[in-house]
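Please go over the structures that come below.
Look for subunit A in each of the two complexes below; its partner is subunit B in the first and subunit C in the second.
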Partner chain A sequence: MFLPKTLIVALVATVAAPAIAGPVDLVTKVLTEKRVAAKDGTTRVDLKATGHAVPGDKLVYQLTYRNTGTQPVKDFVLSNPLPQGVNYVAPADGSPAPELSVDGSTFGSLAALRVKGPDGALRSASSDDVKVVRWRLAQPLAPGAAGQVAFRAVLR
Partner chain B sequence: MLTGQQADAASAPAGTIIPNTAVIAYQQDGKEAQATSNTAGIAVEEELGIDLGWASSSALDVPEATSVRVPFILTNRGNGREAFVLDGTIAGIDAAISGFQLSGDDAGAARAVISKGGQTVELAPGQILHLDALVQAGAAGRGSLSVTAHALTGYGQPGTAFPQKGDGGSTAVVGATTAAAALSKPLVATGGAGAGEPVVALTKAQKVEAADGSANPTHGAQITYTLTARITGVGSALGAVVTDPIPEGTDYVPGSLTLDGSAIADGGNLDASGIAVPLGDVASGQTRTITFKVAIR
Partner chain C sequence: MYNRRFKSILLSGLAITTFGAGAAQAAGASGTVAGTQVNNTASVTYTVGGNAGSANSNQSSFLVDKKVNLTVAEVGGQATQTSLGATNQVTTFTVTNNTNSIQDFRLIADQQNLSIPIIGVDNFDVTNERVFVDSNGNGVYDAGVDTKTYIDELAPDATVTVFIVADIPNTPGNNFAIVSLTAVAADGGTSGSLGADLVATPLTQVDDPTKVDIVFADGVSYGDLARNGQNRAGDAYQISGTTLNVLKTATLISDPVDGIIAPKAIPGAIVQYCMRVSNAGPNTATSLNLTDALPANMTYVPGSIVVGTAGVGGANCILLGTSEDDDATGADETDLYGGSWDGTTVRAMMPQVTTLVPMAVQFQATVN
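And now, the complex of A and B:
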């Protein structure tokens, strides 16, 4: 079943209800990749918070979480529905790989996901089909501890 | 024309801001809680892109001194609303482009002729315009027709930026298509009678010379016939043969055949009923002149 992304946002928001203002702070940041030619002939990829992009530009979404409370918290599930107009590409350098979903409910690796084509037949999912990415963090987060995950995307 | 990543209708629209929000759910003291992130936005700039193609691959044969519509298709390959500047040239032939006009299905209210250097209406991302180049052909000949178009906001090397010129005040950036395109195809204007084919016009003149020096067609007088074959139109007359029967009451004068002023042999140039002179392949614009003589019995 195809779910519009706005609907998925609503689903994700209600799964973990009731929402209690808690001691976890979550910050998202979007950066654009700029390829810079170095003098030695190599190409370096710089990440810049330019705030703007053209179709085809590569983006990196960084998600930083922090336990600002006095007690440890556990069983983290960090979800990021892909914004409309943005396609998932891959985990960012240094980030654990997220679990992926093409429908907002079933998560797994890309190879395990199927989508229904226009003819009704199931086909293997591609990264363009991803609607939600999520990370489940096994370790409890001690007071004051923080972490970061990130994924690469492309502006359609 | 399809090079690299191109924006189109499925692209993020120029001038919009794409927000991202993440959610974190967790357990604390056996209770579920969640936190929502801030919203990080990215502003979508306008990518300038174009695709231009002929609507038909067929050759362009136009009767001389007539006008014709040459259909082509322009697509906005950018992610913003964009108008396109149209221009065109004709080389090697007496013809002119009088302008451009929306064709067929796209006509509607906006049928005004767009002059050369003029611009189309604004196209939505991915929108396709069916257009006609209005071509007026003069004299017959061969040349070529070129049509060019570019995004009104700007064009050039991919990556060229036009600050604040994009939709919603965004920066407009030239995409992989360079936001400019050109098309060209051969244009042939043909003589009225045979569009696209060679035309052979044959004229015949005669001159009588009697033995007494008069032009009286009496016994023994010789008639010189002059046949002029003029080839016009397009291409060559292939394997043309000029035939003319020997008139009743006359006899062919042996050895009297000439082609373009030079004597040619009777053998191979006569048949049972008269002359039959093969000309081979004769290109348009050339003339062949044959003469022969008969004697009145």
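And now, the complex of A and C:
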């Protein structure tokens, strides 16, 4: 392979990203819902980070962010493209609802989104069509401030 | 190892995606392929002091485990019609791999040994019961062609036809035999040999995030428990047709000299003929037409035909019947039974003869 030197540099930079340590720390965590039968006959849903799932399993993705810098962070936009094989379901309990996108560029509520069906006609989007979820913080994130958003998903 | 499996799935047209480290496979009905690593990365954009910045998260991942599921189904919804003594009689099933990976399946041909009222009558057992996979995919058992006795390397969501082939013993009275096919999920990955039966990963096993666990997710089926990596379906062989037997007897009723006391077969004596029709089954005979030519030197007694359920025999030929006039028309032809005399032959019609109730035709003639 004869690659121009500049391209090699660019590739290295891509692999090494994030190269520059910014003032924002972002951690993602995936949990699987496990139904646990309690002794009193009820069923409790536990969230566990097992590292395993089978098709149909319910997942919760948690995104934790923190301003590690000394200045407020503004225009904070947190986006999470859904991994292949994972379908969006809903915001997790206690989390603000994300804006959704079926194409990665137009965001809105599910009701506002349209997708092209196999016959070429536009139809209302379903949660299975969601490709990217996004949260925008209205207020600047103060130094040292942190927060968490989360969404529920299912493994196809 | 898994990459090779993925390739064959791609070739089968289920998924057209590029794959490499961390790329999930597009899923069919059975879901994301076992062994796939599902990775998630989030990102933020922001401004600090007027300068735009961005950051990526760590990568959170999980491994897709093997969700074992399969369906065995009977094809046609009806018993295979066969006959006594027939060999290589076929019942047909399908086995579908609903697992999110390629699997082998061990096949067990079994049969019911007793009659269970809810499931149905089962009054005989087939012999020489074998099981074969439809190797050429034509849905029909080809002796000598379909020889494989286990399912090899069945792709996710793929279905294959399986035959139970058996011989029918030549024992009268046999009617219905229930057979069943059980498929047991087994290790795939090696073409040309049957893998070991899958074993569910025990809940007590120490979690290894790099090792694909095995989770049984199959449902309940005929005589089969849920979540055991097996599925089962029943089918049956039915021997159909009828076995009719006609017994004709002649009884002297009276003669002109002795009357009804110890009559002799002298000219003018009345003889009662009785034809008893019984059915050894297994099916009910319908639309019976019975004919009997009058012997020489006998004269038919007009209006003497009676048709109905059979009595004990001899003079008591009919238990419950209808008298028939001699023509072949009129209401008497359809009052359950029919009968007529055309000058040479007695004819009788019965709508059906069951295996339980023998029928009979009676008429009288005088000795010339």
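Note that the second predicted complex is superposed on the first by the 135 of 156 C-alpha atoms of A that agree within 3 Å, B and C clash if a C-alpha of one lies under 4 Å from a C-alpha of the other, contacts with A are read in each partner's own complex, and residues count from 1 in each chain.
Going forward, a contact is a pair of C-beta atoms (placed from the backbone, for glycine too) under 8 Å apart; a residue touches a chain by one contact, two chains touch by 3 or more.
Every value quoted in this text rests on a predicted model; they were computed, and no experiment measured them.
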If you stack the two complexes on chain A, which partner ends up touching A:R156: first (subunit B), second (subunit C), both, or neither? both
For A:S124 in the superposed arrangement: first (subunit B), second (subunit C), both or neither? neither
With both complexes overlaid on chain A, does A:Q139 touch subunit B (first), subunit C (second), both or neither? neither
Just subunit B (first), just subunit C (second), both, or neither: which does A:V24 touch? both
Which subunit A residues contact subunit B in one complex and subunit C in the other? 17-18, 22-30, 32, 51-56, 59, 61, 63, 65, 69, 71, 73-81, 83-86, 141, 155-156
Over in the complex, which subunit B residues touch subunit A? Could you list them? 4-7, 10-13, 16, 18-29, 31-47, 79, 170-171, 173, 175-176
In the complex, subunit C touches subunit A at residues 17, 23-27, 30-32, 34, 36, 38-49, 52-67, 100, 207, 209, 213, 215, 217
In their shared complex, subunit C is touched by residues of subunit A numbered 17-18, 22-30, 32, 50-56, 59, 61, 63, 65, 69, 71-81, 83-86, 141, 155-156
Touching residues (chain side subunit A, partner subunit B) in the complex: 9, 12-13, 15-30, 32, 51-56, 59, 61, 63, 65, 69, 71, 73-81, 83-86, 141, 155-156
